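Here chain A shows up in two complexes: once beside chain B, once beside chain C.
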Partner chain A sequence: MSAAGLAPAGLAQSPPPGTAIARAPRERTSSWPLADRIGYVLCWTVGIGLCLIALAIVLFMFFKGIAYLRPSLFVQSPAPSAVQSQSGGFLDPIEGTLIVAVLGIAIAAPVGIALGTWLAEYGRPRALARSVESAIEIIAGAPSVVLALFGLLIFDKGFLGFLSQSAAGGGVYGRSFFAAGAVMAVLALPLIVASTREALTRLPDHLREASHALGRTRVTTIRRVLLPAIRADLATGMTLGIGRIIGDTAIITILLGTFLDLEPVGHAPLYGTLRGTGSTLTSYIFANSPAGEGSAPQKAYAAAFLLLLVVLALNGIVTWLSGGSDVPRDGRLSRAFRLIPYMPDMSR
Partner chain B sequence: MDPLMPPPVRRIQVDRDPFVAPPRAATNGAVATAVATPPRPTRSPSAHVRERMRIESVWLAYGENWVVRDVSLPVRQGEVLAMIGASGSGKTTLLRSLNRLTEITAGAARAGQITLDGQDIHELEVNDLRRRVTMVFQQPNPFPMSIFDNVAYALAERSGRGRRRRRSPQIERAVSEALHRAGLYDEVSGDLERSALRLSGGQQQRLCIARSLAAEPEVLLLDEPCSALDPISTATIEELIVSLRDSVAIVIVTHNLQQAFRVADHVAFMHLGELVEYGTSEQVFDHPAMERTRDYISGAFG
Partner chain C sequence: MDRHPLTLAPADGPRRRTRRWATAGTDRRAERTLGALAVAVLVFIAAMLATVFSKAWPSFSHNGLSWFGPGGDVDTQLRAMQEVKALPGHSIYYFRAWPLIWGTLLTTVLAVLIALIVSMLAAIFLTEFAPPAIRRTLDPVIRLLAGVPSVIYGLIGILVIAPFINEHLISNARKASVGYVVQLDGANVTTATLILTVMILPIMVAISAGALEAVPRSWREGSLALGVNRWRTIWRVSLHAARPAIVAATILATARALGEAVMLAMVAGGRGFAPNLLDGVTALFEPVRPLAATIFQNSEGLTIAPLAHTIYAIAAVLLVSAAMLSLAGWAAKQRFQRYGVRA
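Up next is the complex of A and B:
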């Protein structure tokens, strides 16, 4: 029962008017040692500087992008043309981004959640758990271009021909949405594992005990108590993973072929598309930017703007999810740190 | 009554005969003045007391450290057994061993025998045992889900699966019955879909009791269930404990001697892992046989 409920009616809510109310004065930096004051100024400078850089990027992309963004870009396929006005839109890259993200997260989410749960709840034998952790850290630290090359090595094997295009002579192309999606899953995996494991470790032990004390097995406890309790963290991990996937260029350019439009293999509707090649917004930007072929920089700006919007929206979703959970959470600072893509934990 | 004596927190209204406990004879001056327990409303003993669990020469250890040494105790339905003792006396460990929760801790070892209705609990399937001997913890620990789901979680899986099972009439009946037994129904019946974490501490603890009762256990273990609660919630829960003793055997661990005096029929005093004294509440508090019991309940240590 709250104190207010016990208080008799008519209790004064504030001191009578006219009473002198004293408040602690605001702390002044002039009383601080010099080193502290220098540090204080540095913090402000760096902080404001970072905000300015972020603002500059967003504003630059906004004005560059908005000037060239046309509704027609969303409905036209890219066309090979040296003339910018005839080179079509980025319908196919948008579809490609969607396919790769869905495919990647569909593989990474179950595997990552299972791995994170195993690490947090079982983690035995210890040696194996530690090896798994370092393996995940290696994957997290590996540049995506390395992962892409490795993926190419795997997916051009003959027995995996059904996942991409195979030539009459038995050669396998090894580049397809399947290949790109699978490697993207590897890219997103560490994020999902980390968020699952950390959220489970943060759950108090008495939840597990309470469930065991009711005669529930460990698996039931995980499935019906622990994982539902960390729903928001799981969603956060997946959103971060999606952000990582749609922002990656190396895997796409190596594993999704060089054509900008969707090139299905065979005639099966979905399977054919997934076996075939295509492009995503990132490879579209790369191909059209002054750094790539440079044939349509304006469209590259428009696509980059769109991509930036999507990533910002995903970040917003993550922040919103991190705040909207029923479980008591840690402070805002550590929540902000969790927005930084997965870093190997240095504290251990 | 001695005017310096603290007033009783709240009288427990249970069926009792119009009989006031006689003032304690000051045979032992030290005890009579030091034990600051208000006279307890005498309860008529339960009509059908029967033994549910038996603890026989039980030793318990974490690693090499024996924290419970050679304890034998009966646990009876129809009465409340309170275990008292200083921190580290092994009473919580003994309590946890009754539904084998000690086994969760790595390195736990045991000797001796604990039986439930004549059966060795170590021969029972562990989750079956824990459904028959449920436990409520010191900190209210409802699951982060709705009130309804918290209680339904404890129910044995019956007909149907998944969402369909959740809403079957049997489940709804069982949930509301458990909430009734825990005395929580009237307060929460308006919105069972509310998150359990929005309840007050005392309500959360009663929800945890409801959850434990939903499994229809034979024995209910309470590990200092009121130590995190305010006096009013504490009184409500003490009343509840007394009212439950006929339908389920109750073992309560408490640091609060007055609480033990108020709710318990039998009291076991443990010290450094040993059972020092076991007897009815009146025996242990009014005429302790052992020097150590006398010292503890008079506040000489602990």
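Up next is the complex of A and C:
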């Protein structure tokens, strides 16, 4: 056992923080008992296996996507047809995805950042802060089908009828892009709150003290010093939030219905579309998969490839945002990694 | 952070605007506004519980506690509600959710058990054994696995994994053995569990790896200095210290697995059937339809009153169990932080 070479360097003089001391001289596993060596090998297997699973998903979707993606799909609206060659493209779902993502993040970002700031910088009374924290956890864990059903209950109230489709008799369906966007905002909220709060609590106190010493009030300090300092984290939270919004199917199916093309209400250009219903890439994939009604797997593969590309791009943005100086060389986990518990795309 | 944050907002910036913000009154008002927003979140949760439960009440009150019990074919009951034709001898609200609950339990528990083992190994690998290059790859890979939309997992499941399992893992003899009760095909408990495992793995790895990384280095060095090898040190010291976080990871992952709807609606079989564990391995190839998937697949029927009440009742059950689990997981994480270790 190479225990002799293991520690002295680290114990003698304390190294600068962030350097990996215990790791420098590798201990050979050949001296370990068999059970320990099996565990070691299993660790490697699982680690490599996870990479392989991700690689398999990406490569599979890539080849299917290349095979079935046609430029025409981007400019045609979906058409109801049993024949795959006549069922149109996914122009409307792409627009729908954009609308929902923009609406959702436009609501979630200010609210989430404000909440995260309140939790980190004020948080008084303590009891209120604790209950808000647990409330955020509950929202993060609430199934998105349930959130969607709750949204339906709110938006089919008569006084919110101006936000969605209404029947001739004055009944309100509660289905519209407004409704979907609002519920999507709830979905993205925990991510943004968590990233804001984590980043603010990590900022050293001398920043606040310096700012106060310059005569700034707390609000000004937050607005001018603290929030600008965590811009990258705010962007990370929002990017992850967008990723979660565009990946959700349940909310779309329940709050936008199953028709695939945009169906505006009235004639006002933007307002009409937002009041109307439509679809997103996720509901398009579901509708065209064997589980849905369309059963056009080629279209589903093409749309899924496009969606996966967007998810990959968002992932890349997050890596880039938390990259640079943030990921120390000794290979600690990235900050975005810690947000994973809030981002599982479980129906979520 | 290498740039000094103070430099981002120069003190001699637009001074007039700063002064407008700088009165004590605005400061207090800002705190109150933010506090009001925080209260609004609590109101939101309360409103969600209240409205979902009030909408669900007719279903619970007509069925009592036997709502959760077995009795009859749950699909027949749902269809009866959809056609607004009560089953003979029963009220229109007659509903026995046991097959759906059983399907949820089966897929969730199996997936969480597998994911628990795999995620432990992955977290150890990530924090202890992986060379820096692999660690830098695994970090985004796991984030990607967490970010892939569930409908894509479902699509791969139904077009690739389900046909494979149907052709290669289920023998014709097995199909014939239960043919008089249920048709076996690729969409079943096994397929659902496998994909669900991959979907909840990232959460569990993220929480456990964060905790393992946060275990004070001196604790591990103490063990290493005593001549204990690295594997035993991880097993006895790091994992031991990270136990609360591992519990939290398991609980939170369970909450997420309960709520998964779309993927399970696509690959779990879509039939309200309760696999009989006495069938042995065959039970793992029988179709189920978990609670969340049932809501998703019946969402078209929300305009029909009895069906809507029943669906909201399912939602209420899911909401309460997910909320309980989330709170428990959160509490477990708090305990870990009280150690002085931030995960």
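Just so we're on the same page, the second predicted complex is superposed on the first by the 296 of 348 C-alpha atoms of A that agree within 3 Å, B and C clash if a C-alpha of one lies under 4 Å from a C-alpha of the other, contacts with A are read in each partner's own complex, and residues count from 1 in each chain.
Keep in mind that, in the parts below, contacts are C-beta pairs under 8 Å (C-beta built on N, C-alpha and C of every residue); 3 or more make two chains touch, one makes a residue touch a chain.
Values in this document were obtained by computation on a predicted structure and should not be read as measured data.
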Q. What is the contact status of A:L207 with respect to chain B (first) and chain C (second): first, second, both, or neither?
A. both
Q: Scan A:R216 for contacts with chain B and chain C and give back first, second, both or neither.
A: both
(Q) Tell me the contact category for A:V132 with respect to chain B and chain C: first, second, both or neither. (A) second
Q: Check the residue A:P228 against both partner chains and state whether it touches chain B (first), chain C (second), both, or neither.
A: both
(Q) If we overlay the two complexes on their shared chain A, which of chain B and chain C does A:A180 touch? Say first, second, both or neither. (A) neither
Q) Given the touch rule stated above, what does A:V265 touch, chain B (first), chain C (second), both, or neither? A) neither
Q. Hey, what residues of chain A end up touching chain B and chain C alike?
A. 1, 207, 210-211, 214-217, 224-225, 228-229, 326-327
Q.
Which stretch or stretches of chain C touch chain A in the complex?
A. 1-2, 5-6, 8-9, 11, 13, 18, 21-24, 26-27, 30-31, 33-35, 37-39, 41-42, 44-45, 48, 51-52, 55, 118, 121-122, 124-130, 132, 134-152, 154-156, 158-160, 198-203, 205-207, 209-210, 213, 217, 220-221, 224-225, 227, 229-232, 235, 249, 252, 255-263, 265-266, 270, 292, 295-296, 299-300, 302, 311-312, 315, 318-319, 322-323, 325-327, 329-330
Q. What residues on chain A touch chain B, complex-wise?
A. 1, 204, 206-207, 209-217, 224-225, 228-229, 326-327
Q: Using the touch rule from the top, collect the residues of chain B that touch chain A in their complex.
A: 99, 101, 104, 127-132, 134-135, 137, 139, 141, 143-145, 153-154, 195, 197, 200, 208, 211-212, 215, 221, 230, 232-233
(Q) Looking at the complex, which residues from chain A come into contact with chain C? (A) 1, 3, 6-7, 10-11, 21-22, 27, 29, 31-32, 36-37, 39-40, 42-47, 50-51, 53-54, 57-58, 60-61, 111, 114-115, 117-119, 122, 128-129, 131-150, 152-154, 186, 203, 207, 210-211, 214-220, 223-226, 228-229, 240, 243-244, 246-250, 253-254, 258, 282, 285-286, 289-291, 297, 300-301, 304, 307-308, 311-312, 314-316, 318-319, 325-327, 329-334, 336-338, 340-341, 343-348
